[in-house]
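Each of the next two complexes has chain A plus one other chain: chain B in the first, chain C in the second.
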Partner chain A sequence: MIENPGAARRLPYLFVGGAAVYLVLLTAAPLLNGLWLSVTDAQLLNPTGGSFIGFQHYARLFGDPGFYHSLYVTLVYTAAVVAGSLLLGTVAAVLLNRSFPGRTAARTVLTMPWAVPTVAVSLIFVWIYNNDSGVLNRLVRALGFDAQGWLTDTSWALVAVTAASVWKVFPFVMLVVLAALQSVPDELYESSRVDGADALNTFRQIVFPYLLPMLRVAALLMTIWSLRRFDIVWLLTQGGPVEATNTVVISVYRESFINSDLGLSAAIGAVGLVLSTVVTVAHFALERRSKESEAW
Partner chain B sequence: MLLGPSGCGKSTMLRMIAGLTDITSGSLEFDGRQVNALEPRDRRIAFVFQSYALYPHMTVRANIAFPLLMNRFRWYHHLPVANSLMRRRFLRDPAVNAKVEEVAAMMELTDHLDRRPRTLSGGQRQRVAVARALVREPALYLLDEPLSNLDAKLRTQMRAEIAALYHRVRKTFVYVTHDQVEAMTMGTRIIVLNDGTIQQYGTPKEIYDRPANTFVARFIGSPPMNLIPCTPTGDTLTTPGGPLPLRAPTPDPVLLGVRAEKVTLSTSPGGLRARIVVVEHLGAETVIGFNLGDSRDLHYARMPGDVTFTPDTTCRADLDLNGASWFAPETGARLDPLL
Partner chain C sequence: MVTRSRRFGVLRALVVLVLVAVVGFPLYWMVTTATRRNQEIFAGDAPLVPDPARLGELFSGLGPMLDWLANSAFVAFGTTLLSLLMAVLAAYALSRYRFRGRGVFGFALFATQMLPEALIVVPLYAIFLVLGLLNDLGGLVLANTAFAMPVAVWILKSAIDRIPVEIEESARVDGCPRYAVLPQVVLPLVMPSVAAAAVISFFDGWNEFLFANTFMVDKEKWPASKGLASYVGEFVTPLGTVMSAALVFTLPAIVFFLLVQRRIVSGLTSGSVKG
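Moving on, here comes the complex of A and B:
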């Protein structure tokens, strides 16, 4: 019991104070610093020595076709990873929600890609995609097709990176959907059976609406994570070949640590931030609209 | 009516009739046709679940129309464009709307058709569940404890509504309940189940008046039937409260079954020695629990509401033995043959 009314008034601020300090120090301050850097000519070797140059970096970016290409690559990669992981994760969850011998083992195995470090995943895929000795090319040859340079061919590199990314992240969607599936009451399945629905209709009409809120959250997280994913893309292709997989985040890294242009890098980062913000706002707007709209 | 205590197998039996639980042995026939292998949707049944099982994301209208939509569904409607076209045409179909509105009117749901289940009261949800069953016009209605989630007042109201509905649609209803009042008031035929075994099948009156065994005798009726251990001695019976001038159907010890309303307690001489244990005033009547003689077995008498008895006092118990039941103490089976 708190007797002192002044202390009682201060207590809530004390509780949120820790988190607020954490957010200010580790999120808001670096964010503002990044925005400041984007309007300076700061260099990597002298990060604090940049002088204000206005919106020159932004003007340069929006006049550069390469930047538009990296935006395009980012959006294609994000859309493909989100769609692929939602589809694969949902299918895996629906299958794992059924009862069959070895289900627990299957769940463990299918969750593993999420648990394995990205570096290890990337190495595995470098081997799988190897032009000469990779499993994929052996399979392709066995099927009577020509071997491909999965990571070296500009028409395949983005597909290959996307596939590796989907493999890495789909277990997250699978676990989320599995949890949502387990919240569907058994009576609804039974009721739809009595009402004449087949398995596909039961899923589409009854189960899917249950999954929708969770799928929306998973889609938002997947989108944000894909927009800013660096590790797997860098480890597989370093943005190549010929910038075929050069996402916005790869550009940020290149400008910072290879070209040492911290200011330009910060400007690219700021555009990436706007992208993430647009996605998040769109998500909440869609959610509100779907809550307001009536089901059939 | 499938009546029995929790875990006796009544819901399992209902689910087997519906096709929701596989039948491991035996044959299930509808009108002479074996249906063991038929899917629930092909059995022409409707099932009302204890938890209502309404589709939460659909409006009341969509919930009621869902079986009709599924009835019209063909495999090619799974194709994306065909699906939305079919659904749009279905929703605009005057026959569908007329049917849904007719059933909704019957269940007094007309004003709630565009609401979601979560905005409805328990009684309204129950009505939607029944409406969804009605719209299919099935040959058989299966109801699994449909009133058990409702409060006492609403339960009485819905009991009357379901009974009225039964008389209106004139189809077979199979109704699972553990509540004997529901079974006795709504049922035309009752199956009493215990431990997965049918104990008795009959009309409510047969089951009340002539229970097949001591389980049914104790399970049906509130308070339960009094079972008094007796030893026949010539033309009399020796009971814990004294002798009774009655001849038993067997020379061996028996249990005499007498309903509480056939017992009259008084302080005047005659009858059996009794000691009052508990007095429950229920307004119109008083239920009195008593022991006979030195026995610790609790028996009951149902007396008018204005009687005044005090616990821990002695009295005399007069039994009206007209229509009394006899049971074998070891097996619990009824000793006189069933009619």
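Moving on, here comes the complex of A and C:
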């Protein structure tokens, strides 16, 4: 083949170029601009008119109990959504892995929430959680308990928002685990049965090692998606009642668009981004270590 | 032994039934509410089943929702076209070439998944203000593509990875020009994944709320996500109508996602395994 080596070397850059420039313009540049805003006193009405004020916003944040509260809410929400969706998703996948009559129908129903647009999810759950006529309180009353303010009571709001979020995202974990389960060779099951292992032992010793890498990936995606999730929380509670569901991302939005303090908002956002970065770096470090130990 | 495994099967069936009932309930409840009138819904002993007589007229009287859906469709199509155009080329290069900056580019794609939109919405707002893209559906296309395109790249890259390079080499030997290898040899082989990438990009644009809510001012230019969200906490529109609107907004997403879910899942996971 006659090739021009210079042109061949340029080719991949030509292919990647469009996407790379696009990402620089629409994500990297705004991100850097956001980080810059965090050290200025910019206000919403004049987003480019801020002047440099150093790290005042950060100093203020780290002396503010409200900020620590929103970090705490974010971590609790994220941990609960990750744990809930991994548990529910894995259980659902294990149940669906063997064939039984109606399996396709069950799988279809269990996959659906993932496809439902978040705004629609929020409308449904606002209605289900409704204090007076919501179906959840009807159930609670029918069982003989008192109706609860699922979204208006500080002790329930985070639970209610978490439940709605888990409902929406667990199918993703289910599909990931199901795909991993179907890659477990049948011989492994059989040999373990011949050895006389019961179902639980088979799962622990044969299946789980197969699932682990995929579970880790699912956990990573669930974590970083939960850390940045905005719409479902905003639409269900707007961060309330009394900050009970005020995650970092919600306070970023509130500071910008309600209090017009772009600088402070950007500083909160920067701290939030550090959180996700730490999680991601930890994941890849763990993955590298487990790969190295396999190589041994 | 046999009775034990049968008992196990019954137990499994019960658990599956409960799970399906609980997970399916919110959607069932959306349909039920959509067929009921306000007087029934708020009576306290509202019926727990849909009104079959009104199932047929579920999608009539949606008001402004039809315009909003058309706006969403515009944003979704734009996002799909733009992200596929860039993603096909980028995925091919990532799969077939080793070049400097490849790792950085791969990480940048992944990093978009952890970037909070709430942080970049203000700088984007400032940029769009200067460029005259605020209150413009085209601006939404640009913003959404930044988040949809990386996922499309992963899905397509993991598909192209599975096509043996030998197929391309033999096509070249048979006289296929270099520039034609991608569109005429590779693309036809990964069509199912292109479809999956198209679906996920489409519904990224269709579902997106934060940018739409922040950038779009005129009510007749709202996409359906913002329009629907405006019903939260608003008690003028009958709840049945709100739920019908939510249902029309949801149905296309469910249908298409079910068709391509497997490839979306494998694309998303492979993107974070190989980096």
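Operating definition for what follows: the second predicted complex is superposed on the first by the 288 of 296 C-alpha atoms of A that agree within 3 Å, B and C clash if a C-alpha of one lies under 4 Å from a C-alpha of the other, contacts with A are read in each partner's own complex, and residues count from 1 in each chain.
The rule is simple: a residue touches a chain if its C-beta (ideal position, glycine included) is under 8 Å from a C-beta of that chain, and two chains touch if they have at least 3 such contacts.
Everything quoted here is computed from the prediction, not taken from an experiment.
A.B. asks: Judging by the criteria at the top, classify the pair chain B and chain C on chain A as clash or fit.
C.D. replies: fit
A.B. asks: Could you tell me if A:Ser122 is touching chain B, chain C, both of them or neither one (first, second, both, neither)?
C.D. replies: Second partner only, chain C.
A.B. asks: Is A:Gly196 touching anything from chain B or chain C once the two structures are fitted on A? First, second, both or neither.
C.D. replies: A:Gly196: touches chain B, not chain C.
A.B. asks: Between chain B and chain C, whom does A:Glu187 touch in the aligned arrangement: first, second, both, or neither?
C.D. replies: first
A.B. asks: So in the superposed three-chain picture, is A:Thr90 touching just chain B, just chain C, both, or none of them (first/second/both/neither)?
C.D. replies: A:Thr90: touches no partner chain.
A.B. asks: Applying the document's definition of touch, where does A:Ile206 land relative to chain B and chain C: first, second, both, or neither?
C.D. replies: In the superposition, A:Ile206 contacts chain B only.
A.B. asks: Rounding in steps of 10 degrees, give the angle chain B-chain A-chain C taken between C-alpha centres.
C.D. replies: Approximately 80 degrees at the chain A centre.
A.B. asks: Chain A residues in contact: does chain B have more, or chain C?
C.D. replies: Counting contacted residues of chain A, the larger count belongs to C.
A.B. asks: Rounded to the nearest Å, state the minimum C-alpha distance from chain B to chain C in the superposed three-chain model.
C.D. replies: It is 6 Å, taken between the nearest C-alpha atoms.
A.B. asks: Need the overlap of the two footprints on chain A, from chain B and from chain C, as residue ranges.
C.D. replies: Looking at chain A, the two contact sets are disjoint.
A.B. asks: If we count contacts the way the header does, which residues on chain A are in touch with chain B in the complex?
C.D. replies: Spelled out, the residues of chain A in touch with chain B are 185, 187-188, 190-198, 200-201, 205-206, 209-210, 294-296.
A.B. asks: Applying the document's contact rule, which stretches of chain B touch chain A when the two form their complex?
C.D. replies: Residues 18-20, 39-41, 45-47, 49, 51, 53, 55, 57-59, 62, 66-67, 70-71, 73, 78, 87, 91, 114, 116, 132, 136 of chain B touch chain A in their complex.
A.B. asks: Tell me, which parts of chain C touch chain A in their complex?
C.D. replies: Against chain A, chain C makes touches at 8-9, 12-13, 15-16, 19-20, 23-24, 26-27, 29-30, 33, 41-42, 44, 46, 48, 85-87, 89-90, 92-94, 96-97, 99, 101-102, 105, 108-127, 129, 142-143, 145-146, 149-150, 153, 172, 203, 206-207, 209-210, 214, 224-225, 228-229, 231-233, 239, 242-243, 246-247, 249-250, 253-254, 256-258, 261-262, 265-266, 268-269, 272-273, 275.
A.B. asks: Where on chain A is chain C touching in the complex?
C.D. replies: 1, 9, 11-16, 18-20, 22-23, 26-31, 33-34, 37, 44, 47-48, 91-92, 95-96, 98, 100, 102, 106, 108-128, 132-133, 135, 138, 167, 172, 175-176, 179, 199, 213-214, 217-218, 220-221, 224-225, 227-228, 230-231, 235, 248-250, 252-253, 256-257, 262, 265-266, 269-270, 272-273, 276-277, 279-280, 284, 287
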